[in-house]
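Down below are the structures I want you to see.
In the two complexes that follow, chain A is the common piece, with chain B as its partner first and chain C second.
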Partner chain A sequence: MSRLPASPTQRVDRSKVLSFSYMSEPRQGFEGDTLATALYDQGIRIFSRSFKYHRPRGLYSLDDESSTTMMTVNGIPNVRAESTPLREGMKVMAQNVKGSPEFDLMAVGEKFDGFMPPGFYYKRFHKPYKYWPFFQERLRAAAGLGKILPEFPEDYYENVYFNAEVCVVGGGPAGMAAALAAAESGLRVILLEARPYLGGFYDWRTVKEDGTQPLYERGRELAAQVAKTENIRVFTSTALTGFYANNHLTARQKGLPNDRFVERYMEVRAGSVVVAAGCLERPLIFEHNERPGIMQANTAVRLIRTYGILPGQRAVLAVGHDLGLEAALDLASAGMDVAAVADSRPQGQDESLVAALEKKGITFLPGFTASQANGVKRVSGVALTDLQSGSAKSFNCDILVAMAGLSPNNAPLAMAKAKIVYDPETGYFLAREMPPHVHTAGRIMGLCGGAEIEASGRLAGLRAASESGPDLTVALKEAQEALAGLPGPKGGSTILRSPGPGKKAFVCFDEDVAVKDIGYAAEEGFNTIELSKRYVTAGMGPSQSFLPGVNFPQLLADYLGKEPGSIPATTTRSPFYPTLMATFAGPNHHMSKKTPLDASQKDLGGIFRVVGVWERARYFSPDLDTTEEVKAVRTGVGMIDVSTLGKFRLHGPDSLKALQRMYVSDMSKMVKGKLKYSAMCNEDGCVIDDGVATKIGENDYYFTTATARAGQTVEWFRYHTRHDGWDFNLVNMTDGLGAINVAGPKSREVLAKVTDEDVSNEAVPYMAYREIKLKGGIPARLLRVGFVGEMGFELHVPSSWTQAAWDLLWEAGQEFGVKPFALEAQACLRLDKGHAIIGTDTELRLNLHDLGLSFLLKQDKDIDYTVGVAALNLAEKQEGRLKAVGFKTDVMKALPMDGSIIVNDGEIRGHVTSCRLSYALQRTVGLAFVEDKYSAEGSKLEIWHEGLESKEPLIATVTKPPFYDPKGDRLKM
Partner chain B sequence: MSFTITCPICGKRNIYEFRFGGEDRGPRPFKNEANPEEWYDYIHARSNPAGVQPEMWFHRDGCGVWFAIERDTTTNQEVEKEGGDS
Partner chain C sequence: MDSLKRVSPLNFGMDPEETEELNGFEVVLKYKGESKGPALIDLSHRPRWDLQDGTLNKFNSASLPVPEVPGRVAAKDGFVVNRLNRTQAVIWALKGKGPAMPEGPSSTDITDNSAVLGLVGPNVFRVLEKVCPLDLTPANSQAPYLIQGPIMRVPAQFVVLEGVDDNPGVVVSFSRGYGPKMVEVILEAGVEFGLKPAGEKRFSEWYAPKPEPEGEKK
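Up next, the complex of A and B:
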């Protein structure tokens, strides 16, 4: 590392050395470096190889504008070194090379570029078709840039969301002035800056525009004011990536060495937005205009001023703006030998700059521009051509600064749908008609000098603030007058290139698109900008339109002989800057709920699955065999955690009306202490939920829903009562109450041991509801239900007591051989009874009648209507509907998979929804739905499923459930 | 989707907090009996205007209220209610 002496403009902290590796060799840089500047300091000049021709590419820009610095960092491909803060321990590899960037075996491809016009691959390789697979394989191997690693490195990424009255995009002088002005009214202001520090193009400039203070000092003064203004939140290293309707902004923030996140995604909703995104340097087009060593003016100057790195020894500059002349002076004063400065403008330069060049003895060539760069792996010289006469002068150099001029960074404004028009005065595309609550400030308006830039910022900031309420009439008037007295927009050169064939004059570095390609494409008929873009692929690479930007449409206009500016830039789309998918994904989103019994179910050997929003035990045997669990319930006693069940209390004067509206049964018949089974339908009459309900007091009810419906029930009730103004409260107690089902012939004996209350069949008959106390005073709602087909007791216990209740029951159950059972066993057990699980055995084509649940429906209730009943009445007599049926297979233990199709008479007639081997019956039983004409008891169903060994279908017979204990005696014991 | 909705209870909030409830068709014009056209029209047919539409929203990640607003479907701008807080 041989850096220049420290200076006040530098942003690297030399006391903090960061180690990293490049191509597996150890390297060092400083905190404050980007990966690109650290590599440049280490002598790296070829940063990558280009996409198509594998041309060597160097450090051209520093602001994320080109993909020439894309590398693989810590296994992540396509990381742009130029916008990536250097971090300790980074492992950096070049990409898109066979060998190294210096010696790339793929570079041979360029020798054939004459045969590779636009559309080459499409045209060449599809005939004769039989060769295509051969070419495809080879082209695929050569295409693409980085390689994706299957194992993505663990790192922290996050999403953040902010609101603000005013959001300022760009932390340069205009942006800072705008933020400060907006903050004066006490509003919430957010300031976004893509670089790691505020200051914009003041940050490295030592010019004293006002005669006393260098611009960088002014920049730091403004930044200090911003920092101490509490209502401005500053986000640096934060690039705007999208500008959506109603001032909804998205941005990407890169983590600095001390940030816990590598990258984060940000959304800002702002009342008003000030866009002060400044200008981009407009690339100069000439032969070999992207050789390593050719760079933007700001890149060369910032290497010196911001990072303390001398870019090279001998520089030539080919520029079209006064900032380029200023850069020449900066390079010279840093110790570089400036061989020549070509300015494509014959006159009109800032005279003081021209005089300063002369004073330093620098050859100044107005009316000249670069026409060709020499050298392959490094630029070694340049031909400067007189645009008038065409005569050329040659100079040797190792750095060539090339800038055609500037262009406003209009991407945010274009996406915000501002009207952007060509301004022939300045040669800029400028925003003329702004969408509501969007303002511009600074260089994006074409302004040049610091005074007018800051004044425009202040005015825009005040305007933005005034839209949030404060009366700023006086301040606005003053700001307007201040700006009116200052110079307006001023452009640079409008000349883009010297005349020539443009064979290797690149307009898009990403995709190796040269000027000649635009002509070829136009000749083939791709002569409008959007067509040409897609055919030659200019601006379609990773860095999108930052470099081709306004050059590409102008080159097409030139070719077609149209006026400059007559072809607008192509559509700008987000994200303007690449954002990692990991960043959008954010931190770990595994957000399943755990039941209060989670730990004990795991201790008992529960094998868990994510089921909807929950993590639930599915099996208790490592071999996923449920026989033991099922056997315990059928012959002894089993316990299952059913805490996920939806549990609701409904109270208030209009509660019953709400129940009558939602449930198909007559809920007014409910009495205290007794459970009622019913179902809810949607407006189509399709069953969406079933469960039990009971009355627990005056205008006070308690009901359960399926696990899957728990989350939507409140919304559902409120939606269907939204016009009624009823007074009821629906309380979702699902998470507040855990639930345990104790089932099996011995379940009462277990329960009796844990409570002093009478739980005999007389005291707690089938479908009874009681509120009891377990030992130790644990309150429990006791529901005697029989989903699994045996005597069973469901206990709903406050979550904090659920584990204690389980432990009591578990201990009491030991003498009866109690076993835990889980979801899969429950699914087998209930199938013996033919109990459908709503959503598994039903779908939204099946209504209440189709499911055979018509008996639940009660029409003449004391309510104007019940959701779904109108549809049920319309569909009652409808023919040809699907029907839910039960079946047994004729072969005892043949087990078709859930979802297997039923094919009768050559057509698909329905499918199996659930099918299990019944332990109790020792044969396969299942549920299906089929067309009406196959639903009669005794019908034969022909079931097909994948993996069926024979060519014959499984035959099943439609059988009316329940298959087991048809009279339900076991439930009522 | 990129706009805000004014909840009558919580005020102006991010769209992400709400669930769309479709066009506000007002109270049901029929009870448990309906002719098929009437039923279809109310339950399934929507006007889908290019312009201002009355519609229902549910404050799912907030207070849990269903409410109606008017929104211009071409701009996604909510029509500000007179005297509304925004």
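Up next, the complex of A and C:
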């Protein structure tokens, strides 16, 4: 490492050496380096190859504005080396090359660039179209950036959410001044800065604008004030990625070596926002303007001032702003031979800077600009052309600093829907007509000098703060007066392109889009910016519109003979800066629920699956065979955790009205101690839920819903009674009550052992409801139900007691050979009875009639209407509807998969919803829905499913369920 | 058969140092090796009741001060009453035995409906920023107050008992089934702040009446 002597502006810690590898060779850098600056220090000049022509690309920018430094780091492709903090042990490889960045075999493609104008896919490879697939495959193989790593390296990514009265975007002088001003009122202020430190363009500048203090010192002074202001929270290395309605901002923060996270996604909700995002350097467009060694002015200066790296030996600068002249002086002061400075402005430069150049003996060429860079893999010289006469001068150099001028960084404001208009005075696109509670400050307003930049920041900060309540009338007046007394916006050069053919004068480095391509597009009729963008693909690469920026629309306007500024920039979309998918995912917690019996079900060998929001046991056998579970229920006793069932208490004077509105049955017939089975429909008469309900007191009811409906039931009731003003109250008891179903011929004997209550058939008949106590005083609601087709008792127990209740029952069941059973066994058991599961065996095309549940519908009940009944009445006689049917396969144990299609008479007529091999019947039974003309009992269904070995379908016969115990005798024992 | 006990939805996987029996729960008062930093405390065993009525204000009394405005919280003798909306409030007995469940059909025991976590100590709001998008310390807020909204996309109620001084405290309640996952998520979010589980004693000591500063004693 050969760095310049340490200086106060530098940000690298030379005491902390970091080792990394590049192309498998060991390298070193310092803490504070970016990956790109460390590589540059190590002599690397070609960082990548371009996307289309595989042209060599070097270090051009340092703020993620181009994709020229994209590399594969630790297996992750497309990492921007220019903004990635160097970390110990990084493994860095070049990407998108065959060979190395220095010798890339794919570079031969540039020889055929004449065959690759905009839209060349369509022009060259679609005629005749039959050859397109052949070329498509090869073109796709050649395109793309980087390779996705199948095993994404494990690391920590997080999401974080902030709220504040004021958020300031940009930690430069304007942003810091705004934050400090806003914080004076004690409000919560958040300051976001993309670089790892505050300071903005003060950070590396040594000029003394006020004659006494270098700007970098002033920047650090402001940063120190910000740091000690407790109500300002500063987030550095944090780039704004989106600006949404109501001041909802998103950002991406890169972790520094000491941070726990690699990268994190940030959301900020702020009362007011100050955008002080500064300016970008507008690229100068000339032949070969992206050769390695050509860089932005701030890049060259920051290499010296921030990282202590001399960019090269001999520099030429082609600029269009005073910052370019300042850069020339910085390069010369650092020891570079500055051969010449071309300034596209014929006059208007800061006279003191021109004088300083002359004093240093630097050739200054006003009205000149770069027209062509020489060299292939590195810049070796440049032709500087007089814009008036066209005469040119040539200079040798290994560094060419090129900037057309500046361009306000309007992306956040554009996304926030500020009106961005062209200002002919400055040549900038400036934000006008701001959205509510959004303000601008600093260079983004076209301001240049530190005094006005800071004053604008203070004014914006005060304005933002005042919107949260404090009376800042006096301070605002003072700040307005202070700013009014200072210089206003000042532009730079408006040069668009240098003289020359424009064939390799690139507007968009990412996509290798040259000036000439925009001309082609305009000639071919792509005369609006959004059409042209998509045709030539300028701004559609990884760095989006940072480099094409305003050059692209201005060039298009120029080609079309329109006024400058008459074509707006392309639409700005988030994320402005690339964000890893892992960052959006964050820690990636799957927020699923556990039942009160989760641990014991696992102890019993439960194999779990996530079902909706719940984690549930689906099997109890490692081979997923449910035979033993089913057998236990059919012949002895089984226990299942059904805690996920929706459970609700409904109370209040108008509760019955609410039930009548929602359920299709007449709920007024409910009596205490007895369950009523019914269903709820949506407005179309489609069944969305079923369950049992009972009366537990005066105007007091208890009902169950399907698991999937538990989370929506309260809102469903409220929505469908919203105009009635009824006085009823719902308490969702789903999580509060665990539930155990004890089912099978021996279930009563098991239950009798854990309670002193009479649980005989006479005392607790089928569909009875009781409130009982189990041993130990455990309270339980007892529901005599039979979903699985056997005598069964569902116990609803306070969740904290549920494990104790299970343990009691389990112990009691041992002498009867009790076994646990899980969802899959339950699915088989209920299928014997033909019981549909809402959502599995139903869908939104099937109404109550179609499901064969018309018997539940009661029309003449004491309520003005019931949800869905009007639609049911309309559909009752409708022909051609799908119907739910039961079936048995003709081959006893043939087993079509759930979802298998039914194809009769050459057309798809329906599909299988559930199908299992019945233990009790020793044959396959299932449920399906089919067009009504195939739904009559005895109809033959032709079932096809994926993986069916035979070329013939499985044949099934429509059979009316229940298939097992059709009279229900076993439920009522 | 072991003695029958009620079981909390939460388990920190730590060895208890001190426990007590409360309403059928074996409550951990203190864990072995507790730290003094920010703490995550299981309060799920604490009695809680739902109070719903079309005229909720009629329940407002000295023993049950139901706030008149949704979002407000009344705290009294270790229990807090959170007004959720026009017709609903919930009552949490966070300390001691608390009052008995209000009589009448408007009340429902919801102790087992939710999991409840206390977060006390420095930086607890910093921890919650990583799992919750809500503004838990809005400007001009005066603790105690109620915020309703998601934590890790799970609907929740947050009661901020003490605001943003150096020793804040928040109690958060959400569906019981999410309890185990929520503990895992919050503890992970709190790693960099030193968030550790603690027993109920840590909460009750934190929630004890604060001594008045010397100069303000009457």
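Everything below uses one rule, namely that the second predicted complex is superposed on the first by the 893 of 973 C-alpha atoms of A that agree within 3 Å, B and C clash if a C-alpha of one lies under 4 Å from a C-alpha of the other, contacts with A are read in each partner's own complex, and residues count from 1 in each chain.
Operating definition for what follows: contacts are C-beta pairs under 8 Å (C-beta built on N, C-alpha and C of every residue); 3 or more make two chains touch, one makes a residue touch a chain.
Not measured: the values here are computed from a predicted model.
K.L.:
Could you tell me if A:Asp684 is touching chain B, chain C, both of them or neither one (first, second, both, neither)?
P.N.:
The first partner, chain B, only.
K.L.:
Is A:Val714 contacted by the first partner chain B, the second partner chain C, both or neither?
P.N.:
In the superposed model, A:Val714 contacts chain B only, not chain C.
K.L.:
In the superposed model, which partner reaches more residues of chain A, chain B or chain C?
P.N.:
Of chain B and chain C, more residues of chain A lie in contact with C.
K.L.:
Check whether A:Arg269 is in contact with chain B, with chain C, with both or with neither, and answer first, second, both or neither.
P.N.:
Both partners, chain B and chain C.
K.L.:
For A:Tyr161, is the partner it touches chain B (first), chain C (second), both, or none of the two (neither)?
P.N.:
Both partners, chain B and chain C.
K.L.:
Would you check which partner chain A:Asn699 touches, where first means chain B only, second means chain C only, and both and neither mean what they say?
P.N.:
second
K.L.:
Using the touch definition from the top, say if A:Gly348 reaches chain B (first), chain C (second), both or neither.
P.N.:
After superposing on A, A:Gly348 lies clear of both chain B and chain C.
K.L.:
Once chain A of both complexes is superposed, is A:Lys593 in touch with chain B (first), chain C (second), both, or neither?
P.N.:
In the superposition, A:Lys593 touches chain C alone.
K.L.:
I'd like to check the shared interface: which positions of chain A are touched by both chain B and chain C across the two complexes?
P.N.:
161, 163, 269
K.L.:
Residue numbers of chain A touching chain B in their complex, please.
P.N.:
Listed in rising order, the residues are 161, 163, 244-246, 248, 269, 683-684, 714-715, 718-719, 722-723, 859, 864-866, 869-871, 873-874.
K.L.:
How about chain C: which of its residues touch chain A in the complex?
P.N.:
Against chain A, the touching part of chain C is residues 1-2, 4-9, 24-25, 45, 50, 52-54, 87-88, 105-106, 108-114, 129-130, 132-135, 137-140, 152-154, 175-182, 184-185, 188-189, 191-192.
K.L.:
List the residues on chain A that touch chain C in their complex, please.
P.N.:
Going through chain A, the ones touching chain C are 158-163, 165, 187-188, 260, 267, 269, 468-469, 587, 589-596, 598, 613-614, 649, 651-653, 697-700, 727, 729-737, 775-776, 778, 798-804, 807-808, 811.
K.L.:
List the residues on chain B that touch chain A in their complex, please.
P.N.:
Answer in residue numbers: 2-4, 14, 19, 21, 26-28, 30-34, 36, 39, 43, 56, 58, 60, 64-66, 75-77.
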